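These are the structures in question, set out in turn.
You will see subunit A twice below: alongside subunit B first, and alongside subunit C after that.
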Partner chain A sequence: MATIDFDNVQKSYGEVHAIRDFTLHVEDGDFCVFVGPSGCGKSTALKMLAGLEATSAGSISIGGRDVTELGPGKRDIAMVFQNYALYPHMSVRSNIGFGLKMRGQDKADINRRVEAAAETLELTSYLDRRPRALSGGQRQRVALGRAIVREPSAFLMDEPLSNLDAKLRVQTRSEIVNLQKRLGVTTIYVTHDQVEALTMASKIVVMRGGVIQQIGSPDTLFAEPANIFVAGFIGSPGMNFFRGPVEIENGRAQTRFGEQVVPLSVSPDRLPRGEAIFGIRPEHLKIGGETGGTPVSLGLVESLGTEKILHFPTPEGQAIHSLQKVIGSDDAARDSTTMLARVIDDRRYSDGEHVRVALPEGKVHVFDPETQKALS
Partner chain B sequence: MIDFSSPRHRAKFGYLLLAPAVLMMALIIIYPILLSVDISLQDVRIARVGGDREPWTLENYDWLVRSGEFWNAVWVTAKMVLTVGGISLAIGLATALLVNQKFRGRALARLFVALPWAVPEVVATVIWAWMLDSSFGVVNWALLKVGLIGAPIQFASNATAAFFAVCFVMIWKGYPLVSIMLLAGLQSIPEEQYQAARVDGANVWQRFLFITLPSLAPVIGVTAVMTTLWVFRDFAIIYVLTQGGPIGSTTTLSILTFEQSFSFFRMGQGAAVGVVTLVICAFISRALVGRFANSVH
Partner chain C sequence: MQKRSPLGTFGIYATVIFTCAALLFPIYWMILTALSPRTRLREYPPRFWPDDPQWGVFADLLATQPFALWMWNTILVAVATMILSLTVGVLAAYALSRHRLRGGQGLGLFILTSKMLPATLLVIPLFAIFKSLGLVGSLWSVVIAQATLIVPFATWMLKGYFDTIPPELEHAALVDGCSPLGALVRVVLPVAAPGLAATALYAFVISWSDFLYARTFLTTSESKWTLNVGIATLKGEFVTDWNTIMAASLMAAVPIIGVYLFLERYLVGGLSSGSDK
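Moving on, here comes the complex of A and B:
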């Protein structure tokens, strides 16, 4: 059990900077998730922490001990790999006990601890099988067993769920969280899936292009995204964005969304002159009022039973065409001229139907069009 | 008309396509084997296909069991298999591990490792025969200059020297294939296995022992079989270098087969040696392949 500190860590391959100014403090017992689109440097950061990749500059400490110059075996960490990396020629028992054997523990002790780990993960009846004779979920548990049996000061997990099917992934997700809570071991978990990040983490690090975008709890990231990228990346579907004028009336700032005048909770002196970028989460949009809001015609209705995702065009002249690059292609269902609303009600919606959409006060996020940072 | 694309008749079409290949195989592989078994069971000096047949007899095999030449050949072959096989594997594994590392000039290094394999066997042997010559050879010259030996080594007339000269050329010719095969095997081991082992605290020697060797075992097995069979059947290197001499010190089973059949024209006895060699090879490959295949499952 230990804290983990990255202090201004850099990683470059020749001219290419893979990681820049990576500074992070993880508390003892935290479940910290690195999340971001592919190529954002999250796996590289994890591998540097594991000691599998060298840092170009900066230092890394585990439990207050500087490990920057130490090999992976001396950092007192355990790692779960995306493809599990089980040793195919060894039984499950030997796989789990390998780390202890390499550390010269005596046989009886290894056996006792392997049995205990297997008990925890319900692997007891598979101990003498080879990994190839196990299902994907069982292999995953063996990989976890290999990590927990060593009782390391930190677990590192590199997309451990991405090789499982959807149902098993949800189930294993909660198993990992429960296991981590029970053992209380500091965990760093890498994923590209923001749902995994939100559901599992006590602390999320959102990365993009090798740079940390925001660090915070799931609630913080959801409610107060630091910039447009985080706002669009976190949440499913991600936040809607539109361009709007900044107007001051009676000392209060407001903007317009189609016909609707939307009061802003940001003080006027913090807002840029002219225009700004505004964001609203799909679940915060009010649909189907008799008056107020702005009329739209629904383009596509995706129904998941009581939950529905409604697609409708962004009001004339308020689409932001340059935004696709910022948010990335993670949300392929949407383009810059379409907005999404998420509603949970018993009403039936049909394609082409005209409804009124209203933006409630206090739920609208404002972003600087130049820096793309959130204004508040 | 049968529609061969229908699932019911697809198999028939397959057999039809296979038939020419099977017939060819039968003609060029099975028939000569049966023929040599047939000849080995006849007391003939020069066998003529379609000529008068001698009655079947076990006389040739009787000679085989009681002759010193046969047992000498078995002993020489066994020694050669172990020496060449063992050293080729060791050098092949070492070079494969070397050129599997990332370093500047790796492509060139790989080329040099594979080079002896690309040289035709007879050409390579002639080159080495020159270099090993006791009067003009560069090897003796170099050894004399360095002062390791006082007089030239007589590679042609010293039994031990001749044996090791043959082994040396065989290893030189044979290790590249081992190296190439093992390199392919090494490249199929996922990098994550090594990363996991490093995180588990395994040092470089432990990673070799617990990850590389077990993962490579099937390839090592197949390669060992191939090298063994190659030594068993190799003819050109020994024949060009020593003709099986001196006094039988490099007469392997394949040299003995040739000698009996075409030097002494005792084809019955030659065929008997060939048949026994075939049986031994079949057993060795079955045993080795089976053993190494089991070790991974």
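Moving on, here comes the complex of A and C:
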């Protein structure tokens, strides 16, 4: 068990900077998730921590020991790979015990620990099989077994659930979290799936273009995103954005959303003059009511039983047409002219229905249109 | 699956039988010639099987010629060539497959172009080099010369095989405490076993069937003759004992047929791997 520190780590391939100014402290026993779109550098950061990629600058410490120049085998870490990377020519028993064998443990001790790990992961009856005779979920557990049997200082996991089907993924997700809590081993977990990040992590590192965008707990990232990218990336569906005027009325700042005047909780002197970008989470929008808010016509209603996702057009003149550029090309699927509301009620909604949408005070996020940073 | 028509089945069998017959006919002819009495060799029309097979030809050969020595020299050369080619080929192929080397692709192609040079073109410069190194007349000269032909192809064959092995396997081995060479030996090579078997067989067969290099570098050193050089000396200036030559050729071919039969499944697997990914 150990703390993990990245100190101003850089990684470049020739002229291309894959990781820039990566500084991070992970507490002992933390479950830290690196999340971001593909190509954001999260796997590179993990590989540098594992010693599988050299750093271009900066230092990495595990348990206070500088490991920057050490090989992967000398860092006292265990890693779970996306494709499991089980040795196909070895039995499950040899796969799990390989790391102990390489460290010169005696045979009896290896056997005892392999069997204990297999019991923890319910693999006892598969110990003498080859990996190809196992299902995806079982292979995944062997990969976990290989990691836990060594009792390392830290677990590193590189998208370990992405090869599983949706149902098994949810199940394995909770198994990993429970296992990590029971063992208390510091864990760094890489994923592109923000739902996985939010549900598993005690600390999330959101990355984009090789740069850390924000570090925080799932609640912090959800409630107080540092910039437009984090706001749009975290949450399912992501935050709605619109353009609006910044007005000062009796010393208080406000904006407009269609017909609705929305008071802002940000101090007026922190706001830009003229216009700003505003964000509201789909679950914070209030739908219905006879008065207040602004009238909209529902474009599409996606029903998941009691939960519904309502699509409606952004009020005229308030759509951000350059939204893809603002959020980043990875979120190109987002249509800037449509907003989403997530409601959980028994009411039936239909396409084309006219409803009133209101933005509650205190739930509206304000972003600087120049720097894209959150203003608070 | 759709049932094949009788005509289709006949066509397939006819093709298979014709191909096998064409391939096996020279071997049959070797056996026939070896067992026929010397006086009947040029008989026309030829007999399909001699009335009086001369089985003693094999014993005569072993009694009159140092056949066992030739065989031993050939085995030494083939095994040494195989080990040398595989060692160099594995390391080169692994480096080309795994490391982003500056100019790596160009280097890979350059290695392949050396395969395109005919052996006869290389024999003169190789002779000059071996002469200055004092290797002419030594089995090492043949081993090294054959390796120059085998290594380029072995490298490319193995590179293709290594490319299909996910690098995460080595990463896992490194994290588990292996050194880079340890990861190669303990994880990559066992996984690449079919590719290695195919490459080893290729090297063994090429080396076993070499005549040019052995004839050029070993002629002056009688005790170092390989099978092919030895058999060639059975052809006299005025009289050629064809049934002895054929008996020797048959005995020379037996080990290679055995190796082929044993490694055939690996060879097919090794050569076709990588095509399905």
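The definition used in the following text is that the second predicted complex is superposed on the first by the 368 of 376 C-alpha atoms of A that agree within 3 Å, B and C clash if a C-alpha of one lies under 4 Å from a C-alpha of the other, contacts with A are read in each partner's own complex, and residues count from 1 in each chain.
Simple rule for what comes next: a contact is a pair of C-beta atoms (placed from the backbone, for glycine too) under 8 Å apart; a residue touches a chain by one contact, two chains touch by 3 or more.
Computed from a predicted structure; not experimentally measured.
Asks: State whether subunit B and subunit C clash or fit side by side on subunit A once the two structures are superposed.
Replies: clash
Asks: Which of the two partners, first being subunit B and second being subunit C, lies in contact with A:72: first, second, both, or neither?
Replies: In the superposition, A:72 touches subunit B and subunit C alike.
Asks: If you stack the two complexes on chain A, which partner ends up touching A:89: first (subunit B), second (subunit C), both, or neither?
Replies: Once the two structures are laid over each other on A, A:89 reaches both partners.
Asks: Between subunit B (first) and subunit C (second), which does A:64 come into contact with in this model arrangement: first, second, both, or neither?
Replies: neither
Asks: For A:362, select first, second, both or neither according to whether it touches subunit B, subunit C, the two together, or no partner.
Replies: A:362 sits against neither subunit B nor subunit C.
Asks: Please report the subunit A residues shared by its interface with subunit B and its interface with subunit C.
Replies: Of subunit A, residues 50-52, 71-73, 77-79, 81-83, 85-89, 98-99, 102-103, 146 contact subunit B in one complex and subunit C in the other.
Asks: Considering only the defined contacts, which subunit A positions touch subunit C in the complex?
Replies: 47, 50-52, 71-73, 77-79, 81-83, 85-89, 98-99, 102-103, 146
Asks: Within the complex, which stretch of subunit C touches subunit A?
Replies: Residues in contact with subunit A: 166, 168-169, 171-179, 182, 187, 190-191, 193.
Asks: If you look only at subunit A, which of its residues touch subunit B in the complex?
Replies: 50-52, 71-74, 77-79, 81-83, 85-90, 98-99, 102-103, 130, 146, 150
Asks: Sort out for me which residues of subunit B touch subunit A in the complex.
Replies: Per the touch definition, subunit B meets subunit A at residues 190, 192-193, 195-203, 206, 210-211, 214-215, 217, 295-297.
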